[in-house]
Amino acid sequence: MFVPRKILEEKLKQLLAEDVGQGDVTTAAIVPERQTVDASIIAKESGTVAGIEEILILAEALGLEGEAYISDGGKIERGQAFLKVSGDAQTILSAERMMLNLLCRMSGIATATKRLVEKLQEARMVTKVAATRKSAPGLLYFDKKAVLLGGGDPHRLHLDDTILIKDNHITVVGSVEAAVKKAKQNASFTKKIEVEVTNVADALTAAKAGTDIIMLDNFSPKQVKQAVETFKKAGFFGKVLLEASGGITEATLVEYASAGVDVLSLGELTHSVRALDISLEVTRVC
Amino acid sequence: MFVPRKILEEKLKQLLAEDVGQGDVTTAAIVPERQTVDASIIAKESGTVAGIEEILILAEALGLEGEAYISDGGKIERGQAFLKVSGDAQTILSAERMMLNLLCRMSGIATATKRLVEKLQEARMVTKVAATRKSAPGLLYFDKKAVLLGGGDPHRLHLDDTILIKDNHITVVGSVEAAVKKAKQNASFTKKIEVEVTNVADALTAAKAGTDIIMLDNFSPKQVKQAVETFKKAGFFGKVLLEASGGITEATLVEYASAGVDVLSLGELTHSVRALDISLEVTRVC
Amino acid sequence: MFVPRKILEEKLKQLLAEDVGQGDVTTAAIVPERQTVDASIIAKESGTVAGIEEILILAEALGLEGEAYISDGGKIERGQAFLKVSGDAQTILSAERMMLNLLCRMSGIATATKRLVEKLQEARMVTKVAATRKSAPGLLYFDKKAVLLGGGDPHRLHLDDTILIKDNHITVVGSVEAAVKKAKQNASFTKKIEVEVTNVADALTAAKAGTDIIMLDNFSPKQVKQAVETFKKAGFFGKVLLEASGGITEATLVEYASAGVDVLSLGELTHSVRALDISLEVTRVC
Amino acid sequence: MFVPRKILEEKLKQLLAEDVGQGDVTTAAIVPERQTVDASIIAKESGTVAGIEEILILAEALGLEGEAYISDGGKIERGQAFLKVSGDAQTILSAERMMLNLLCRMSGIATATKRLVEKLQEARMVTKVAATRKSAPGLLYFDKKAVLLGGGDPHRLHLDDTILIKDNHITVVGSVEAAVKKAKQNASFTKKIEVEVTNVADALTAAKAGTDIIMLDNFSPKQVKQAVETFKKAGFFGKVLLEASGGITEATLVEYASAGVDVLSLGELTHSVRALDISLEVTRVC
Amino acid sequence: MFVPRKILEEKLKQLLAEDVGQGDVTTAAIVPERQTVDASIIAKESGTVAGIEEILILAEALGLEGEAYISDGGKIERGQAFLKVSGDAQTILSAERMMLNLLCRMSGIATATKRLVEKLQEARMVTKVAATRKSAPGLLYFDKKAVLLGGGDPHRLHLDDTILIKDNHITVVGSVEAAVKKAKQNASFTKKIEVEVTNVADALTAAKAGTDIIMLDNFSPKQVKQAVETFKKAGFFGKVLLEASGGITEATLVEYASAGVDVLSLGELTHSVRALDISLEVTRVC
Amino acid sequence: MFVPRKILEEKLKQLLAEDVGQGDVTTAAIVPERQTVDASIIAKESGTVAGIEEILILAEALGLEGEAYISDGGKIERGQAFLKVSGDAQTILSAERMMLNLLCRMSGIATATKRLVEKLQEARMVTKVAATRKSAPGLLYFDKKAVLLGGGDPHRLHLDDTILIKDNHITVVGSVEAAVKKAKQNASFTKKIEVEVTNVADALTAAKAGTDIIMLDNFSPKQVKQAVETFKKAGFFGKVLLEASGGITEATLVEYASAGVDVLSLGELTHSVRALDISLEVTRVC
């Protein structure tokens, strides 16, 4: 998910412009022009940080100097000052909230993802943790990037990038088999085809029809295990990827992974983000 | 926060366009053209709904028919089908996720807000529950509207709409008194002036300097009570609004309110949203 | 009304892009590439300048060097060269008209505002001169900023920033009292509430209902005086702001101010601007 | 200057969106949803109207019904209700100011233009009244269209549409002759070439070099007459258009025209607009 | 590549707006307002049509009526009137060129693609004809859609949708093997991985490393055959897709296909388009 | 067609942003961060180059260093490395295709134009070669600029820049004479008027009516000669420009020119572009 800095800069400036509106009246009223300050960005709780690149790009775009003491994806501890922004006081104070809103959200996502990823690592599992497209509207890029920085797999980005046949598609087309067949026929050879199924029989049908990835929707760990075994018997295991999705929690994560799927995807990584608590403090007024 | 429907429509179409990218390849590959379907939007858990207006506007903008069985701000029960969308299958399936992403987030915000508001109502308190500017970047309008629909106060929108002097402003200017004085001098007479303070003495100073609203930042309920009493003695109570912010939880909400402030504002209403679980199901293929 | 320079730069570049269209054919046909020139921006009449920050930002954004010999809000005399722009000749000549169009309009607004403000200062009155929302569509930011630089109050910016109940709102709601009551009930505690009234009785009603600012619409100076006296008697004077609007001219300004209102607002400051005469002259071809 | 309605609609919606910001808080607070009203747009002074097409397009785009009792370019009398807008009260009240701002500005331009045009007609002159590019930034389309509706000539639109060699171009290139020669060589055969000159000798040089239009800059009527006579003698009169610009006022207009030029162009038609006084009144609440 | 009509409409209106500029001066000068006409869109040469959906969407968006007598992807014969557009004359004449520009380009692409596809069909080959990303900047969506309508495969859309490792990537990373290994490690499981190779040995290396698709770059048909045989021996044939690209012409197409690859991709399908000759004729003036 | 660099930069960044989508997944997966490379842009065939300014502007905008060894409009030979781009490897590889797509298209147009222009020069003719508005939608600026760099005339840009009365306009208005008469009456004096005619009689009518340029549509060289002679007899030759358009090929070009017209315009210069073969090669990995 590399975007040239200057392209990303445009998106960040738009988000800031929207936040500012016709002008920051507080800053205009009380902060002197041409006043220079240093500000520290400080973790108020520990976690995995994401959004540092964004803050540095935006700071530079605004004519400020930014310096990071840690890289995106690194761990920050409560109390740690991990970013410094220096320059025009009016500019920093006007951009403060928007910068933090992005940083806290992205870091919240990365932190939650990392926790799950580490849980699997501790259990010595190689199962992947993946996001879904249940992100905040307009913020998909940032949400997915945060998942990546937390060690997760971003899954699909746009609707244009992987064939993912879901329940409603199947309802319209009639059957899993018919849907996969149409997809194989019509989709570009450059795309993988994934199908969401609700039972083991459909999973097998989908695999036989040539699906690349099968999403086991709302399966219990036990049902997952059953699917894995069926695939082993049928010779699809290891060839067709298995992804479990729906109802997976931190508590059941290892159990699901142990059941043998390749990927565990969780909507709440991006739809129910708990922001990491981070604040900005002016540390020096020059 | 009324925006003419056709203006709001543009913003919604942009969010959808961004989500679709170069085209929905799944829908294109397997869903027939000119196929008409009915779809129900169904609550998978109970809560307060927000975003119905947005779904109806977007549906209409896309040439679909939308019908709501409940109004924004109403309560939905688990299992309740509260919205119906009918029309072109390709269009509905391409817009499904973006629609749900908005609806689930807004309803999540409204639900959390409502829960707090009702807690205060049950305790027979008239204290207001307010949001902060800690929203998701780019989604401030939708986040604030959801707070409103949940019975909360949206607080400031843009940086252009109320003078709010925070800790970093005071650091730059030197003192609460100097900051308020400058604000009174330079700000438009059409704006209220709010100051964030960290102790009772500063609160009193701010009130004397002519501040309209005082935000007690990270005060304990006990400290809030002390501030209220000091204000009563000084004759500012009821004239200068008192807002407590920072560290307020569902558990301490009533205690804070009982301490006598006018407003309780909570960043997590918008920065740490738990999406309400809502799904779309195709119910009829014509 | 502080907007980070790089955000303002985007708006200025858009205005220029719109002006240029597919390319400046004159410049392309006759001005050599890589030719450097110096140009002076010169007052053809005296006045108060506004727009210098905009010219400097745009010049820098275009890769030119800009230097100002005066600050925004300062007085310029006929014949005074107050700004210098140096750099690529093609760029300067293509941007000349758009730069001047903005500078002449903003300076025209600042000059007219300043004249009124000084008139009141000479009469030793502290009454504020304010703008209205009767600006040129799309130019509200620049128009309001020019009023500020002329010493005036910008009044509301967006429709989102202060409650202002006007005649048509009252027609729809039924009465001044009902309108204010609804506003008090529904508006955020962060907003002031202003009401436009057409007679003293309504002004009093509005004040009793808790309005923060009352706009006396099309009152004669005598009627204004009457309102002021009524407010003094009723104890509202000094607590509820009084703004007179409609029919105020340079000739009647002091009379209105003497009648005791806090603010005089004039639509013509922004809707009927007389541009200040300013031109750009290439002074050196390198 | 025909722009397909639906393209113009986009520009108008953008201007409105910018005006509204995050939402009209007044309307939201006090105007009921789904309330229908009729509103009349009424001339508070007499003049030539322009902007009716824009209001009707925007009204329709917003889901309102608009009806005009007069066409663009027609005369309106003080007190005349010449436009009616009906529909959703919240929408009308939110769009009122932006609609009037455009209508008042355009009508102000058309009125001033018409007055000059009629002055020449009364004097039985066929001289054209033209605008310049001294318009409000971002509003060039609307400003030029208003000039057209007032009976004037819009002159150049973008910088891409006619070669217009001005003083600064000549300074850079060295001489009128060199500038015209380069323009003839490099410009597309589809463009006319116009040159601004400051004396009769340069006017003659320009004509000999093959210029299509010559702008006599800041000539007195006497100097204009001298130029005309020189052109008659040299055989250029009637072949090369003569345009006088700079220092022309309503008082000297006929004198300038009598001097024999083809076109009189006036910057103040668009840079120093006096808005026509027009208001909107809700006439019926359904 | 399905995009909801109303989203596509926005893009089409933007292209038209850009084409019109400040207004169609010809239409404004000579075509009466409110004149209704019928216009036929007629093939001046035979081919495969693409762009009908776009014309119908834009026509409807502009308030015109459009009717198609053939579907996208169908064959049109020289002289055939295959589309009718009716409505406002000014609107049709202003949009004519932009509509034709899109239709002629898309149909040119579809026609060329179809010719190659049919050549292979006649030779009874199932090899796919694919496009590359060598499209016109900004027109990728339309170019790819036209390839699809001509029976081809659109290949990648954005840079975000398939991993495609090209020569320069390999130069930077060091070797085909290292590049594929990194891709397998870092890319989302939802993406296929394709590698461009310049010899058979690298093709084999890539296949062993787990690549999904291998692009044989500038291979002669003989070299392609050799690669196919190597893959058959190594057991990769039919499992790893083979795509030949570079230097393939209409003349060598069947020879390449016979060599056994799955896909033939040709840059000239989109980078060197010959527009299909199509014109619009006003057939009735009402 | 001069556009200030920083304005052009915006357009180029938008084209790139559209191409990248949510991020370049290949580059992200395998190219290391902060890796610096040099890349050469190399002609794979000889031709006239156009687009160098665009590549340099975009490179600089992206923080890369660009260096050109030739100017726009110059000749490049097969194998010649004429541009060098250095800097961040991820950025260069993400922008490579979009840069080449623009450069190859523009150079293809310039090359084709130049070939025709040189053909006429060799035949010692001064006839101009011109483009039409049959460009790729959205790329008109780049297409026209390439024509200019190839020595051609860009003809009209926007619909706002010259009156061009075509067949359909005449159908609507009734006759060539009526159309020209209306145009003379209504169009700005700053515009030339051009009419498309299908026979010599209409050409004469148009000239008599005061047209500036006459486009002889689909005339054979013989018919062109006849028109020229008619014009000579009638005294219009040399005063009214004659442009032949339609059916002109490289083979018939000189014959058409010899027939005596001033301009030959060819749609295929921009509607049927053959891209010049140019590639980018990473030459050094630092």
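To keep things simple, chains are lettered A, B, C, D, E and F as they appear, and every chain counts its residues starting from 1.
Basically, a contact is a pair of C-beta atoms (placed from the backbone, for glycine too) under 8 Å apart; a residue touches a chain by one contact, two chains touch by 3 or more.
Values in this document were obtained by computation on a predicted structure and should not be read as measured data.
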Go through A-E and D-E and name the pair with more C-beta contacts between its chains.
-> A-E
Averaging C-alpha coordinates per chain, one finds the centres of chain B and chain C separated by a number of Å equal to 32
Go ahead and note the Å separation of the Cα centroids belonging to chain A and chain D.
-> 52
So what's the Cα centroid distance for chain C and chain F, whole Å?
-> 44
Interface hub residues of chain D, defined as touching at least two other chains | 1, 20-25, 27-28, 31, 94, 140, 157-158, 160-162, 188, 191
With chains as vertices joined when they touch, what's the shape: line, ring, star, complete or other?
-> complete
In their shared complex, chain C is touched by residues of chain E numbered 21-22
Give every residue of chain E touching chain B within the complex, in rising order.
-> 1-7, 10, 140-141, 144-145, 157-158, 160
Flag every residue of chain C that touches chain D in the complex, lowest number first.
-> 15, 18-32, 35, 37, 39, 89, 93-94, 96-98, 100-102, 104-105, 108, 133-140, 142, 157-169, 171-173, 179, 182-183, 185-188, 191, 267-268, 271-275, 280-282, 285
Residues of chain E touching chain A in the complex = 1, 128, 130, 153-158, 160-162, 188-192, 194, 213, 241, 243, 262-263
Given the complex with chain F, which residues does chain C contribute to the contact?
-> 13, 16-17, 20-25, 27-28, 31, 61-63, 90-91, 94-95
